[in-house]
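You will see two complexes here that share subunit A, one where it goes with subunit B and one where it goes with subunit C.
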Partner chain A sequence: MTGEALAFWGLAVILVGSALAVVLTKNLFHAVLWLALALTGTAGVFLLLDAEFLAAVQLLLYAGGIVTIVVFAIVVTERLVGERISQTSRRIAAGAIVAAGILAAVVSAVMERPLALERPPMESDLTQIIGETVMTRFVLPFELLAVLMLAGLMGAIYFARPDD
Partner chain B sequence: MGLQAYLILAAVVFCIGLFGVITRRNTIGILLGIELMLNSVNINLVAFARYSGDVTGMVFTVFTICITVTEAALGLAIVILLFRVRRTVTADHLDLLKG
Partner chain C sequence: MPEWVTPLVAPFILLNAVIGLVTYVTLLERKFAARMQSRIGPYRVGPHGLLQPIADAIKLMMKEDVVPTAADRPVYNLAPVVFLIPCMLIFATIPFAPGLGVADLNIGVLFFLAVSAMEIVGLFMAGWGSNNKYALLSAMRAVNQVISYDLPFIFAALTPVLLAGSLRMSDIAAAQQGLWFIFYPVIGQLAFIAFIVATVASENRAPFDILEAESELVAGFRVEYSGMKFAIIQLGEYAHVIGASFLGALLFLGAWAGPGPEWAGPIWFLIKAMLVFLLITWVRWSFVRIRVDQILALSWKALMPATLVLLIATAVVVVWRGHAGV
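Showing the complex of A and B:
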C-alpha cells in the first residue's frame, strides 16, 4: 500500500465519519463542529490532489468562515428561544432510501466508465497557474463573482439588521 | 489511486448531505446538509481537474467556494429573520404558504 493510498483511505474515513456525524448527531452545536472536521478533511483531499492553494482557501473560507457564521446563527436563535439546541430528525427511512438510490445510480455510472488511473504531469506551481487563469481567461466570471458576493453580503446585512 | 476512488468518495459525502437535508427538521441543520453536498462537488471538480491535467476545474472550485460562502451567509441571515418573525427555526412550522 503506497503512502498516497494510505492517506486517501485515512481521509476518506475521517470525511465519511464526520459527515455522518453532521447529519446524525442530536446536538446542533456538535453537528457544526463535525462539519468543521469534514471541511478540514476535504482540505486534506485537496492537498492529496496537489491543489495546495485550494486547501488553503478551503480552510480559510469554509472551515473558518462558514463555521463561524453558523455558530453565530445558533447562538442568536438559541439565546432568543431559550431552549436546548437539540434537534430531531424525521422521515429517516424515506431519506435513507432516496440517498441510497442516488448513491447507487452515481456509483454504477462511475464504475462502468473507463476513467483515468494515472495523473498527467502538471506544472509544479499550480497556485501561479490558477492565479494567471483567473486574471486572464476567467476575468469576467471573476468580476461577476465580486458583484454577486457584494449583493449577497449586503442582502445578508439587510436581512439580519436590528429592527428600528 | 484512480479517479474513480475520488468520485465515489464525493458521491458518498453528497448522499450523506442529501440524507441530512431530507431528514433534518431544524433549518440550520438543513443548511449544514447543503454545505456537505456543495463541498463534495468541489472534490469532484478538483479530482477531474487533476486527472485531466487541466487547471480550469480548480479555478471553478475557487468560484464555487466563494458562491457557497455567500449562500451560507445569506441563508443564515434568512434563518435569523425567519426566527425573528415566526419565533421558530423548525422547518415544519414554517408553513405559511401551505394552502
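Showing the complex of A and C:
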C-alpha cells in the first residue's frame, strides 16, 4: 500500500467516524467538536488531492465558523430556552431511508461514469488559475454570491434588532 | 542521506528550536517589561536570571495536575493539545533562509493564516470544558475578538502578498531584497501598523486582553488549568506570538536580508522577528486594557474599513505599475 492510499484510508476512517459521531452523540458541544474534526479531515482530503488552496480556505472559513456555531447553537439558545438542550435522534428510520437514497444516487452516478483513476496533471499555480477563472468566467456567480451574502447579513441585522 | 530522512528530521529540529526559543522569549519579555518599569526582573536563578525559564518549566512539570470535578473531562484534557497544535504548525511554512524550512508551500501565507485561526477551537474547548463561568465568559469574548480581528489581520497580511505577487513565503522574502515592504511609500507603513494592531489583538495581548482580564476574569479560559496543561497553553500562546513575529518580519522587514555573509541570514531574520516581538511587548506594557465594546468598535469601524481600502489601494498601485514587486 502506498503512502497516499494509507493517508486516504486513515482520513476516510476519521471522516466517517467523526461524521457519525456528529449525529450520534447526545452532547451538543461534543457534536460541534466532532464536526470540527470532520471539516479538518475534509481539508486533509483536499491536501491529498494537491488542492492546497482549497484546504487552507476550508480551515480558514470553518475554524471561525465552528466556534460561531458553538456560540449560537449552545450558548445563545441555552439562554433563550433556559435549559441545556441535548441532541435527540427522532425519526431515525425516515432519515436512514433518505440517506440511503442519496447514497444510492451518488453510487449509481459514479458507477455509470467511472471516475478516471489517473489524476490529471496539475497546473503549476492553482491559486492563480482559481483567481483568474473566478474573475473572468465565473464572475457572474461570484457576484451573485456576494449579493446573497449581503442579503443574509441584512436579514441577520433585521432579526438581531431590538424590539422598539 | 536518504530522501525520507529530511521530512522526519526537519520538523523535529524545528519543533525543539521553537520550544527552546519560546522558553527564553518569556525571559526576554520579563526582562524587557521590568526595565520599562525601572525594575531588574528575574535575577536570582543563574547569572542575570538566565536559568529562570528552566526553573519555571521544572516547577510546572512538578505541579499537581488538578482537574475540576464538574469539568467535561475529555474536552478539558484535550483542549491544551488542540490549542498547541496550530500554534506549532504555523512554523512549518516559514523559511528561515533560502531553502531552509520545513515546507515552502505555494500558499504559505494562506496556510499560516488558516492554521493560526484554528487556535480558537482549542481555546473554546478549554473555556467550555473547564465548566467555570469565568472561563466560559473568557472563551465567549475570545470568539468575539477573533471573529472581529481575523479579517483586518488577513487584509493587512495580504498587502505584502499583493506587492510581491505571490503567496509563497520565500517569494515574498525574495521580492524584498531591494526594498523592504515597510519602506514602500505610504502603503508599507500603514500596512505594518495595521498588522501590528491586528496581531496584538489576535494574540489577545494588552490592550486587547479582555479574555484574560485578571481583575475580572481571574485569568480567563485557563483559570482551571494547572501544572503541565497550563504550561502547554502558555507554550502555545507564546509560540503563536513568536510565529506572528516571524510572519511580520518576513512580510515587512525583508526576512533574511541584511549585511554580512549569507549564513548570517537566519540570524538577521531572528533579530528582526525579535524586534517585532519587542514592539508587541512594548505595546502590551504601555497601554491599559480597553473595554469589549471599544475593542469591537475599533475593529469593525476603523481597522476593517481601513485595511480594506489599503488592500484596494495596493491592488490599484500594482495594476498601475503593471507588475508586482518593488
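Worth pointing out:
By definition in this document, the second predicted complex is superposed on the first by the 146 of 164 C-alpha atoms of A that agree within 3 Å, B and C clash if a C-alpha of one lies under 4 Å from a C-alpha of the other, contacts with A are read in each partner's own complex, and residues count from 1 in each chain.
Going forward, a contact is a pair of C-beta atoms (placed from the backbone, for glycine too) under 8 Å apart; a residue touches a chain by one contact, two chains touch by 3 or more.
Source: prediction; values computed, not measured.
Taken together in the superposed arrangement on subunit A, subunit B and subunit C fit without clashing. With both structures placed on the common chain, the touch criterion links A:Phe29 to subunit C but leaves subunit B unconnected.
In the superposed pair of complexes, A:Leu115 makes contact with subunit B only, with no contact to subunit C. Of the two partner chains placed by superposition, only subunit C is touched by A:Ala56; subunit B is not. By the document's definition of touching, of the two partners only subunit B reaches A:Leu153; subunit C does not. Between subunit B and subunit C, B contacts the larger number of subunit A residues. In the composite built from the two structures, the nearest CA pair linking subunit B and subunit C is 13 Å apart.
Overlap of the subunit B and subunit C interfaces on subunit A comprises residues 53, 57-58, 66, 70, 126. Put simply, subunit C touches subunit A in their complex at residues 72, 74-75, 105-107, 110-111, 113-115, 117-118, 120-121, 124-125, 128, 136, 140, 143, 146-147, 150, 167.
By the touch criterion given at the top, residues 1-9, 11-20, 22-26, 28-29, 31-33, 35-36, 39, 42-43, 46-47, 49-53, 55-56, 58-59, 61-63, 65-74, 76-81, 83-84, 87-89, 92 of subunit B touch subunit A in their complex.
Subunit A makes touch with subunit B in their complex at residues 4-5, 8, 12, 15-16, 19-20, 22-23, 28, 31-32, 35, 38-39, 42, 45-46, 49-51, 53-54, 57-58, 61-62, 65-66, 69-70, 72-74, 76-77, 80-81, 87-92, 94-96, 98-100, 102-103, 106-107, 110-111, 115-117, 119-122, 126, 129-130, 133-134, 138, 141-142, 145, 148-149, 152-153, 155-157, 159-160, 163. Put simply, subunit A touches subunit C in their complex at residues 27, 29-30, 33, 36, 40, 52-53, 55-60, 63-64, 66-68, 70-71, 75, 125-127.
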